Each structure stands twice: as C-alpha cells, then as structure tokens.
Amino acid sequence: MSLPRRSLLAAVPALAAPALAVAQSRDPIRVGAFGPYSGSAAAFGQSMREAIDIVTETRNRAGGVGGRRIEVVHADDGGRPEEAATIARRFATRDRVVLAFGSVSSPASLSASQVFRDEEVPQIVITATSQRLTRLGNEWIFRSTVPDRKQVSDLVDFIAGKHPQARRFATICVNDDFGRGGVEAFGEMARAKGLTIVGEERYARGDIDFTAQLTRLRGANPDAVLDWSRYTEGALIIRQLRQMQSNLPIFGSDGYAVPAFVELAGPAAEGVIYVTPFSIATAANNPVAQRLAAELRAAHNKVPDGTHALAYDAANAAYAAIERAGRAERRPIRDTLRQTDMDSTRGRLRFDQTGDPTLVSPVVVIRNGREADARA
Amino acid sequence: MSGAALLEVAVGGIAIGCVYSLLALGYSMIIRASGIIHFAQGEVMMIGSMCGLSALWLAPALHPALVLLAGMAAGGVLAGAMELLVYRTLRRRRVPLMNIITATVGLSILLMNAARLGWGSEPLRYPDLFSGAVEIGQLRISPQLLWIAGTGFAIMIALQLFLSKTRPGLAMQAIAQDPDAAQLIGINLSRSMAGTFAVAGAMAGAAGVMLGSLFFSFFEMGFITGLKAFVAATLGGLGSIGGAMLGGILFGLIETFGAVFVSSAYKDAIGMLLLIAILLVLPQGLAGLRKRGR
Amino acid sequence: MRWGTPVTLLAAALLPSALPDAFLLHLMTSVAIAAILALGLQFLLGVSGQLSLGQAAFYGVGAYGSALMTGAGLPFAAAVPLAAVFAGLSSLVLIPVTRLRGPYLAVATLGFSIIAYLVIKNEEWLTGGSLGLMGISRPALFGERLRDPAHVYWLCAALAALVYLGLRRLADSRFGRAAHAIRQDEDAARASGLRVTLIKSQCFVISAAVSGLAGALFAHHIRYLGPADFSFWKSVEVLIMVVIGGVGSAAGAILGAAVVVLLPEWLRAVGDYRLLVFGGAVVGLMLFGSGGLAGLPGALRRRPEARP
Amino acid sequence: MTPLLEARGIARRFGGLVALDAVDMQVAPGTVHGLIGPNGAGKTTFLNVIAGAFPPSGGSLRLEGGDITALAGDARARLGIRRTFQNLKLFPEMTALHNAAIGLHADGRAGVLSALLRLPAQRREEREIMARAAEALDFVGLAGQAGRLAGTLAYGHRRLLEIARAFAPRPKLLLLDEPAAGLNPTEAVALTALIARIREAGTTVILVEHHMDVVMTVCDRVTVLNYGKHLSTGTPAGIQADPRVIEAYLGQDALAEALAC
C-alpha cells in the first residue's frame, strides 16, 4: 500500500466523459424500460423488451404520439436492486424519461420505485408480483401483472370449484419474495376454504437437486402439490417428482407461464395446472391478444408468453395515457394513466386505487404439451 | 424417514457428488500445477455441457458415450486454449498470481456471456439419455443417477491410471511436484501445463454433460456448481487427487442430507460450516490427514 | 510527487461544479463508496497478504446495521460509525480462520459470506428477507438531511479520502510494517517476535470495519437493501477492483473501484455485449502487469526499484 | 552460575523417525557455543526446537532458569531468543532498514490508534526504532544498503541483513543456522569477526556451522550431535581430539579433514 504516491483519481472524470457525449435531443418523447436483460432472468427481460419495442415501432410508424416519435431507453438491471436504483436515477435525471417500464423482479422494482417516487416519474411494473409494491402509498406506481395474492386467490377459487377432492396440500417454493409470497398467501386463503397444508418445503434459487425436499413432501402424504417456482426450477421439480413415480396433481404459479417450461419439463408437464396473468390458449376471442400474437410472429417468429402480454399492455396503456395527457409531462401522464380503461390482451384493463389492474387471472392446464383453459 | 427413502437420497447425493468430484479434480490439478484457483472451471463445464447438447442436436441418435466424449473434448480444448492463450501469456509477463486468478474470473464472466449470446438465455433440456427406473425391492432409483455415479467413478479411475501409468500423465505429476527438476529431466513444461489444463477441462466437460442430462444446460449453470466444487476441492485438500474425489462426493452427500435433516433454507450454510470446522482441525483439508502423522 | 494526493483531493472536491448532472454525481458517489470498500480489501490483501472472498458479508453487516439503527431512530452520524464498528466486530468470528493460508483462507471467508447472505435472505424479521429494506433515511449531517446529491457526494468522497489517508498512515506505521512482513514470510516474522495471529486478526477487523463503513454509506445512498447486492458476486467485484488497480496500491484500489463502477455504465452503449466486454476487459487489464493500473505510469517510466 | 540456556532430555520425533533423542545441552552466558555434527545429526532440528518453531516431543528448556518449553516461537523471540535461517528468510519487498526494524518490533508499543493519529509519542518511538535499526545495519556493515529492497541485495549482504534483523534488539541468545553457507573465504572471515563482536556486545550465540574454521576460531565451547544424540561437548581443541567425534565423522572425509586442520 505504500508503493506509488501519486494517485490516478484525476483520470476518473475522463472515464465518465463518453457517457456525457450522448446527444440530448429534445425532439422525441423518451420513455425508459429496465429489466434483467442479462443474468438468470434474462428470458423475462427479453420478452419484455420485445413487446415494448413492438408497440413502440407500431406507434411510431403511425405517427407517434401527438406527432412526436417515442424513443425507448433500455437498461439492464441484471435483477440487482442496486443497479435498478442507479438506472432509475439515470432515467429520471439524465435521460429525462416521462415514464418508465420495469422491472421483472420485485426487489429491483421496489428499489427503483423509491427513486421514481422521489423524482415523480410514473412507473409501470411489468411482472413483479409482490403485494408490497403497490401498498406503500406510492402514487407514481402502476403494475401490469396481477399481484401474487390476487393470483393465489384466483387459483384457490379454481381449486375449490374444480378440484374439490384435493384437500391436503404440500407446498414447495423458491426461497425468495416470489416463492414465499405466493405460498404464504396460498396457505392463508386455502385454510379459509377449509383446505389443509400438510408440508412446506423451500429451496434456494439455482438449486437443481430437489430429491430431499420431494422425498419429505411425499412423506407427508398429500392429495396435491403446490409449487411456487419459476419455470426452470419448476420444470426440474415436476420432472423429479414424476421420476419418483408420483402421480400427485401439481398446481403451479405464474412462474411456469413461459413456453420454455413445457420444453424443459417434457412429458412430466402433462396435466400440470397453473395460474397465469395471460395465456394465448384462453385468449382466442381477444382481438388485442391476437394482434400481439400476429405482430410477435412477424417480428420474432414467437408465440407470446405472459411477459410479452404484460409488457404489451403496459406500453399500450402508457402511450394512450401520454396521448390523452396532451403533453409529455410526468404528472399529467400519471393522472391520465390512472384513468386507463381500454381493451388489453387480458380483457378490459383498469387500474385500481393502488395501481394494480382489476383482472381475473386465467388458470391453464398442460394438455398434449400445450396450455389449455383449465376452467373450460 | 424410511431406509429406502434415505438410500434414494444417498444415491442422489452421490450422483451430484460425482459431478462435484470431476470438477474438483480439475481445480486440484490446476492449483497443484500452477497455483491458480481456476474460477472459470465452472464455465468450462457449462461450455462442455452446451457442446454435448449441440452434438445431440446435430446427430439426435448419437450414443450417450459419444455425447460425453463431445463434452469432454470441448472442455479439454477450451481449457487448453485458455492456458495457451491467456494464462501462459500472463505467466510469461511475470504478473503476480493474484492477477492470473482475477483473469480467470474475467474469463468466467466472458464465457458465461458468450454462451448466453450463443445458446440463448433459456435453459436447454437434454433428451433423456437413460430411461426407465431401476427397482430393487421397494427401492426405486432413477437410472440417470446410477449411470452418472457409475460413469463418474469410471472417469476418475481412468484419470488415476492416466496420471500414474502413462508418460504424459507422469510428466504432469512431475511438473506439479517440482517444475525445475522436471524440466531438467527433459519434460516440456509448457506442453505439460497445457495438458494439465486440457485434462482438467475434459473432466469439467464430462461433469457438464452429466449435469446437463440430469437437469439441463444453462449459461449460468457453472457459477454456483463451480463454486461448490471449489469448496469440495478445498475440503479434500487442494492439490490432492484423491482428496478432490472424496471431497466432491462428501460435499454432495452433506448437501443432500443437510437439506433432508436441517432446513433447506440453510442448506448451503451447513456445508460451509462443516467446511470451516474441518479446515480448523485440518488446515490442509482431508488430504492433510495423511500428512499429519509425519 | 508529494502533491499527487492534494491535487486529486481538490479535483474530487470540485467535481460537482464541473458535473452539474445529478446522475453523474450519483455515479461518483457510488465510486466513492466502492473505493472505500476496495480500500478495505486492499489493506487486507495488499498489506497483510490475506485473500478474502467474504467482503460482501462485512459490507452487508454495515449496510443492514446502519439501515436498522437509523430505522430505530438513531441519527445517521451515530449509526454509520457504529455499523462500521459492528462490522469490524463481526469479523472476530473469523479469527480462528486467520491461521489458514492462501486458498484455504479464501474458501473459509467465502463460506462465511455465503452464511451471511443466507441470514440476510432468510431472517425476514430483521432484514426484510428477499424483499429487503425500503425507505432508508438519507444521509444527514448536524441534523440536516442531505437532499442535494452534491452534498451526499462530498460526504462520501470526504470519507473515502479519510479512509485512504488513514489506511496509508497505518500501512506506513509500525503496525503496517509488521503486517507487511507477515505477508512476505510468516516464519521469519514469528521468529522476530511478531504476534502473527493477532496482527492478522487486527487487519481482518480493520478491513471489515472499513467494508462496513462502505456498506453503511451504500445503504443511505441507494436507500434500498436487498440480498442480491450482498451475494458472493459482490466479493468478487471488490477483488476485481483491487487487482485491476494493483495489489498493494491504495490509489490503485480507488482507481479500480472507479473502473468497475463506471465501465459497465459506460458500456451500456454496447447493450447485450456489456458483460462480455467487461469480462474481456478484466482479462485485458491483467496484462498490465504486476502494478495494475496504479503501476502503469511507473512501469512506463521504468522505475529502477521495480519488483524483483 | 546458571546457564543462559539449559536443554534437558530434548527429544523430537517426526512420525516414526527419531530426529533428536534425549539431548542435553547447557550454554553459558556470554559465550559462542558451536553445534556441529555430520549431516542429518539433528542440528537444525535442535535449533528449531530451541527457537520454538515446533515443540519438542519430550524434555524441557530453560532460559535463565525459567521454563520456556511451552512457549511459542514468537513468545520466545520476545523473551530474547532470536535466530537466522539456513535458507535465508528475509522480507524481500521491504528495505534493508525496515527489515532490521521488524527485529525491533517487539520493543515498540504504538498500535493501530496511535498510528492513525500520529501522536507525538508514536512519532518519537518510530524515530527511535529507525535509529536503532540503522545502528544494527551499521553493526553488521550494511550502513550503505539501508534504502535498498532486501530482495535486491547481494547474497552475502542478505546473510548479514538477517543477522542484523536478529541482533537489532540485542537478544540474550542468538541462534545462527549456518551463517557462513555460500560465503566466499573473505566474507567468512568477516563473519567470524562479526560473531566475535556480537559476543562482546553481550549476546550469547549458538552457532550451527559446517565451516569448521569458523567454528574453531570463534567458539568457546562446541557440542557435537550424532544421529540425534548428544556425542560430546568441550572446547574446540578438546572436541578435535575426541576419538568419538573423529569416529562419527569417519566416512565423511572432507569433514574429517576439515576437523583436522
């Protein structure tokens, strides 16, 4: 530590300088979008980006909003709250966005929401389901997806109505906000409906071997299993459960609602039931969803997943709100966003007092390797 | 918990442990030969896994042994190339070991993101290489697990034979023990070092194919697994081949049984606590047991 | 070149007037905090030769400590130093492992950091679990909340400068000399009457306290704490900062911190290739040789007393 | 008169190998005590046991009558037993002056806090340490090399620097482990003189050495070890005449010749 006396700190501003050089054109209306474009949740981030870009391009081709183009500034938060806060700060003070989309995970969304609230920037959360996001009296936050408790209550209603024979549940979840939030809500609501929870298991994000947890779960002798996981671990869990020759019915979370889930789980996915904010299988009669499907096929040759739909709806709602506000300013946009009442991929989209959408979530079942409406 | 269920868990632990062992072997061989903690070892495994899968895509009917071989070849070539292109250059410039170790972290970030761009950010499923269930009495064991444990042991035995019976293997051992003396008796240091990395990479590639076929291939799969294997190698005693094998299997068992008997939320903590405890008694890991008598 | 430090300090102090951009000030504040964190590891690794892969744990103890204490009503000016002290004390549990060497020590600290991470993640009643802690108070001085980003920056930069000068003094003192000797030859140090374990442990405590200080400042800078920012990755990031800057150079640690914080930000322009380029840059920077970035000007001028 | 150091029945085993077998030795204060023996006789092992590098498997050690058997190496160093190493252990990245200053570390008191505050007492102490370190360098003849990194010194100078570091605190007992190894004849003569001056300065010396001319010139008494056992102790002249010693060295012709001269 006693080696060179001179310090090179002076070089620091020079490192930062190229970032300054970004042109500060006043012309387009700028919105920000941030999510995990890298890291383990990158697939969600990518869907989010694709959908937002599709809506933006369509808008811009049709003349933009009020004659001004929309420009989306994308930023990768890697799922890390620190990055999300830094990005939010940049969106608010340097990129001067009028509105921001993001993020995918609850911690990153929460961390950014503090900055947006401070700086008074409207934020539309895409997939983060934690109830807490919209329950902190933050008037600047909106959410495209349905919060976990609402999804759980939709799933519990479904189970009570369609699977009355499933009385004893064993639960397994990823040990984070997403998994614990889902399972805690499920326990509460299931007990209210007279169901019992006979076993609860957790695992860490990134685990691959669930033998221990599943062996214990099976030992509790349940009627059915509830798994609140993301699709990667979820696929492994049901594969490993089926490898143990267990035929227990499996109910899952919206974390399964990714095409790759069926791909990864293979035949084990057959018969799995889960709640999802959106499924193309239940949206055959929804023109907005069909439009998204057509646009996504044209642009990326993909079938829309839940994140696509959530981001698509968010972007459409946002641009409509900017249009209604009549000027590209944050406060009026927030106010018109609150009055949203439009057709979305998931039906009529309105926001309640807290900023959450008032929608009922579809429940789907995997049949022949595809999602099918479980309520049908 | 019934005895049969315990046995099922144990087989699962041993299979995972074999994967750790194969990776840990690489860590151990490399650290012994060069002093480098090779943090990119997990990523070499990941690339091996991806390449094995790609081979399956090209030839769907490929025999599992050939898939394994493809993964090993990919891992071996990659690790050998890393040594020749990066680490050797760094050594020639006489940079401190810490810099080389940091370069391995850099390479690990680089490989992970290259794989994300090349193979996408979605996990990729291996077709089931082995199917059916082996039933012994009331015990049902997935054949995947048995195959993996069996293949793992076979590869480790092969490595032992290679290191103790063949010329290049003996040369690697000699380089690791005393590089100066080895050079004096005419062993090519640079070639043997590259060979060590290549063999370590091939072990990692095999681990990748096994892990992939048990679970799936994913650009981030190497990070946590690699870290755990490093811990396993330390547990066994860095630089000790036998220790690495033992450490890997032990770590797999500790982890799996830890999840059964203690909370799964703190599953990773159990392994770590045990590791720290063992290191306090045996500062050189399990391999230190043997030296202790001296 | 005795004026190098004052000139740098002056430049750092004047930065806010040169950069009126609030975002850049936010970034430079992050750099100052990262610099403190890097200085902490630099002291441990560069002076006493102990490799820690567990700095994220102490950083986390400081961050959560200060957030919880201010949350309980303690003033910022008391909570931050207390959190640093607490982080230092928390490293005392590691004293038994300081007798381990090289990679064995690294793995033991890695284990410690994984355990700390799991505690942060699982003990919801204390740490908010994976949803984390929100609404952490802004930094405050003399009872005044600092709302101007320039003031927050000055505070963090001033503390970074203090840590830098303090650790430099320490490294040049009798104590630092002893630690330095232990790094080079433990047997000889012991034969010279040095209490090796004590000195190594003291280095650990100092390094942990400095990391805890960085964590405490981080908590009040970002004002949100979640487990994801205290994973093993953070420990690796700190190590990259120190090695890029040059092991053994305090100025290098600051420079390395600046590179690690600013480079990815700067690389946002390359989008998807960001981390790919970052990984490549780390490998490339290693090629600068033993001195790291801090050694560059010297290496260019060919100092005669360069390392053997 | 109580001996400065008294070793009784010192044994040391490594696994099954017996390196030292019940060795007794008494070192009188103010003397240079040679320790010789054929290769593998256990000289360095004995030195290591005295220095506290590892504990003896049996026996006891007394320094000025006080039992030090249970003390660790650093504690013995602080009591006044300092040593050099057969294969040179310096701090290569530190200057010669700072190397010598490490030898004086135990005499200082300034801790972390006073270093941070740079209190006057700390600065005074630092000046004192540096002055004494410089004095020690001067004593061994390295005054001109104070500012050079130890790793860049010539081999002979490194040997001297190690002695300076060990001698700087004016220890009661200085253990020299083959200090003349690798030195040329001129340097060896200078070393002999240096050892004599160390004795004059009041420090007792135990000298393990292969260069018999050094041993015979400077030692007051000599102890001979063979196969880990005490063989003989006496004056240099007495040792040279001891038939048991000559027998022990038989087969080691070169040494036998050296002994004869």
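Structure notes:
The chains carry the letters A, B, C and D, assigned in the order they are written, with residues numbered from 1 in each.
Here is the rule we go by: a contact is a pair of C-beta atoms (placed from the backbone, for glycine too) under 8 Å apart; a residue touches a chain by one contact, two chains touch by 3 or more.
Model, not experiment: these values are computed from the prediction.
Ranked by distance of CA centroids from chain A, the top chain is D. A comparison of C-alpha centroids places C closest to the centre of the full protein. Each chain gets one centre point, the mean of its Cα atoms, and the points for chain B and chain C are 32 Å apart. With centres defined as mean CA coordinates, chain D is found 72 Å away from chain A.
For this pair, chain A with chain B, the centres built from the Cα atoms lie 35 Å apart. With centres set at the average Cα position, the gap from chain B to chain D is 47 Å.
Looking at chain A, one finds that residues 38, 175 touch two or more other chains. Contact with two or more other chains is made by residues 113, 265, 268 of chain B.
On chain C, the positions that touch chain D within their shared complex are 166, 169-170, 173-178, 180-181, 184-185, 187-196, 202, 206, 305, 307-308.
The part of chain D that touches chain C in the complex is made up of residues 51, 53, 72-74, 77-78, 82-83, 85, 89-94, 98, 101-103, 105-106, 108, 110-112, 115-116, 118, 122, 125-126, 129, 148-149, 151-152, 165-166, 169.
Chain B contributes residues 1, 5, 8-9, 12-13, 16, 113, 116, 121-123, 125, 128, 133, 140, 142, 144, 211, 214-216, 218, 220-221, 223-224, 255-257, 259-260, 263-265, 267-268 to its touches with chain A in the complex.
If you check the complex, the residues on chain A that touch chain C are 1-13, 15-16, 18-20, 37-38, 74-76, 79-82, 85-86, 89-90, 93-94, 106-108, 110-111, 114, 130, 132, 136, 175-177, 180-181. Interface of chain B with chain C (complex): residues 31, 37, 86, 89-90, 93-96, 98-103, 105-114, 117, 227, 230-231, 234, 238, 265-266, 268-269, 272-273, 275-276, 279-280, 283-285.
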